[in-house]
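Chain IDs A, B and C follow the sequence of writing; residue 1 opens each chain.
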């Protein structure tokens, strides 16, 4: 089984490990070795230990650079797992048939016998080379250095063992069977047409040989018993692919020297069909990783801006027509929703002795909408003579209240006191609720939120978060305190559950509730008409959007969501 | 030791406020005090934030970087408002007009831009999101809510139409309630993580 | 139209046009209006905090108060100074104590508010819907109440399931695999529908508010032009 030997402490690590499990050294550049190899063999003693060499070279600047760069391109976990499984499966390869044996024998004799494999590997390598030429040159020079220093070294292990040929099978049968198998494998549809295969696969000398054998042009040679000298020999197929014959195991290993930045550099590939398939798969995975991702193209920004401008102009035009040209005398006194009805009933139940805390929790952006919604209610409240005290949880709260009074021409029989500004709503709400229940022992200079408890709390809000904080704190400490809400359309939906659960005694949200209250106003009819026109425009836009054909982006996004 | 003190402060403060929910009368004075201090600190933090904003713009003006002219506008507006606020009172009508007559047009116009953006976005919802469960239910609900907002559907009370309209109005309530509960759960978890010192937002990273 | 109203009208008119010019594209006038807004808001906030919070409740007792009053505000003064000095790099650690105080305060308010203010009442409301005698006691048809109650329960559970992430995903050769129980997957699909329905209602609300803002601005512009042209 192959293991990575740590150059520092010589500990065995699994194939694909990035760091040594004992000392933590980075295992980049470590060459896998067979842990089952008998140690102390003469060959090993005479060899220059490649891992020691790499360790020495680590201090060299070139190797440091190589390590940094190759670290970035280290294969992913899945590929390492594949590499590991590849080496394990190679171990388990069953007995090699005799026909394959012959091919391998021939392969030893011919420089381009790997043929198709070489072509595919070259193609894959070419694509990598195009992307990182500089690193390839550095790597080649470094590995050439290693090879020069390591010339004559005994090889590390070859996972594959060539089994003894099967002597029971008759030669004639062998010849017919294995040739037919090979032809079917390479070109199943045209297995009979050897000449066609030959012409298309020029340069593939192994296949030429096989076809020549079948046609009888080449005599079938007996398998030679190879007598390997004790010393291993190594040769070179191409500059990038070298092979080393190990006499002890009768194996031949091919070493790829310049697959850049990946751990394939250190791998020893034994040529079998399964291995070829895996190498191709791995190369395809590497190519896919390095290929540029498809950029989603959308319509240009100028088009989008133009479309938005057109929509804006259409909206402004129709709203202007509705506001200034159309005359709407019809009053829409629709049915009040139950929550709005409760507010009306609450107002009617107020009297001179009622005390209301008015919490201003809306910003200047919603001043127009809140003036439309709040003015009728405040007018009724002031008519009853109830005492109103304001508290702001927004900076401009009191200013906006004063504007409400001014715009709505509201007059209060009593002076409206102001408790000031509290930066965080929940702090103010907790403090208020707390002080309603506390003993009156606070010093006079401390922030006092109330002198007397309030009967009711009326919150005018534009956003659900601030109002939610108030409801939570008040309800937690004073569940009996009546809370009523005047809300913008934006905040209404998310606060409706509080009305449903009974935490809030009434709420008016949006202009539609306000219009149904039936309070007279000079501006209401035209604004209501404009609102209806704008809403119809939005409905049309939604319907048009639904009927437009989807773009490819929608398919991409759907895939992303899944 | 240096890290223990903030942790102790955090835990004691948090537990005191939490206990106030269970013993509101007994702990009202202590909690009132803590809340007062909290409001004061928030005020100081607000001033520090304004100071940081001003520092950014001052640096930009001093080095005359890109956008320095607009930074001058910020600083001048700030100084004028500050001066007016100290000389006049916040309740003065001129000061109120100065603040509101700039805040209201700008903020309201920014919100008005949102209307255009939403109109434009509604054209592209399906093109971008595709026909998914959520996009379809979103569109249907938006259409129904907008149609109901027009107030044209006003069936008489007690009729089947009225009941159906009410049921349709209340269907989104389930999702809204779920969202509220989810938000509350999220807040609860964040609060617990802070009190159990699993998160330390007060430490500089 | 008096002079003050005229001047403020002109200011509002110009600012509205400057901000709405963003429809054409980002431009100098839009940024000018935005920066003016920032400066004025910052100034107003500084005035408000100083005059309404810090001076009366922190500085005045410290400067002009009795010993008792000074002791009373000593702790917030010290914490405030810590907060101010923490802006300097060397003294950054001083800021931990006041920030820890605020964090503890906020965390406790979050927890208390969430539990007693939202979770308990809202969950009780979901359960309270299943009041069988109540279904038949109201003038509404019972089937409506039953349907609503069931929808509410299913919707709430589905929505919460959609946000339930539970156990982490396991890494498998094909990629990450979600190991949520199947029932959660089914409920989350239901929840997806209800969330879509809820968000649609929220979207309609947001658009309504934005539309009203646009109507308000157009009404203001038209009204001002009418007065200016009409000399009113």
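One rule holds in what follows: a contact is a pair of C-beta atoms (placed from the backbone, for glycine too) under 8 Å apart; a residue touches a chain by one contact, two chains touch by 3 or more.
Here the structure is a predicted model, which is why all the values come from computation and not from measurement.
A count of C-beta contacts for the chain pairs B-C and A-C puts B-C on top. Closest to the protein's overall CA centre, chain by chain, comes A. A straight line joining the Cα centres of chain A and chain C is 29 Å long. One finds 2 Å separating the Cα centroids of chain B and chain C.
Residue numbers of chain B whose C-beta contacts span two or more other chains: 17, 20-21, 35-36, 38-39, 42-43, 46, 90, 99, 103-104, 107-108, 110-111, 115-116, 118, 139, 142-143, 145-146, 149, 172-173, 176-177, 179-180.
The multi-chain contact residues of chain A, meaning those touching 2 or more other chains, are 308, 312, 315, 365-368, 396, 423, 427, 430, 446-447, 468, 476, 489, 493-494, 497, 500, 510, 512, 534-535, 538.
Shown for chain C are the residues in touch with two or more other chains, namely 23, 41, 44-45, 48-49, 52-53, 57, 105-106, 109-110, 112-114, 116-118, 122, 125, 198, 201-202, 204-209, 211, 213-214, 216. Residues of chain B that touch chain A in their complex: 17, 20-21, 24-25, 28-29, 31-33, 35-36, 38-39, 42-43, 46, 90-91, 96, 99-100, 103-104, 107-108, 110-111, 115-120, 122-132, 139, 142-143, 145-147, 149-151, 154, 157, 172-173, 176-177, 179-180.
Put simply, chain B touches chain C in their complex at residues 2-3, 5-7, 9-18, 20-21, 34-48, 50-54, 70-71, 73-82, 85-86, 89-90, 97-99, 101-116, 118, 133-146, 149, 163, 166-167, 170-185, 187-188, 190-192, 194-195, 201-204. Put simply, chain A touches chain C in their complex at residues 78, 81, 305, 308-309, 312, 315-316, 319-320, 323-324, 365-369, 372, 395-396, 420-421, 423, 426-427, 430, 443, 445-447, 462, 468-469, 471-473, 475-476, 488-494, 497-498, 500-503, 509-512, 523, 527, 530-531, 534-535, 538.
In the complex of the two chains, the chain C residues touching chain B come out as 4, 8, 11-13, 15-16, 19-20, 22-23, 31-54, 57-58, 75-76, 79-80, 83-84, 87, 92-93, 95-119, 122-123, 125-126, 140-141, 144, 147-148, 151-160, 163, 189, 191-211, 213-214, 216-217, 220. Contact residues on chain A toward chain B in their complex (touch as defined above): 304, 307-308, 311-312, 315, 332, 334-335, 363-368, 396, 398-400, 402-403, 422-424, 427-428, 430-431, 434-435, 437-439, 441-442, 446-447, 468, 476-477, 489, 493-494, 496-497, 500, 510, 512, 515-516, 532, 534-539, 541-546, 548, 550-551, 553-555, 557-558, 561.
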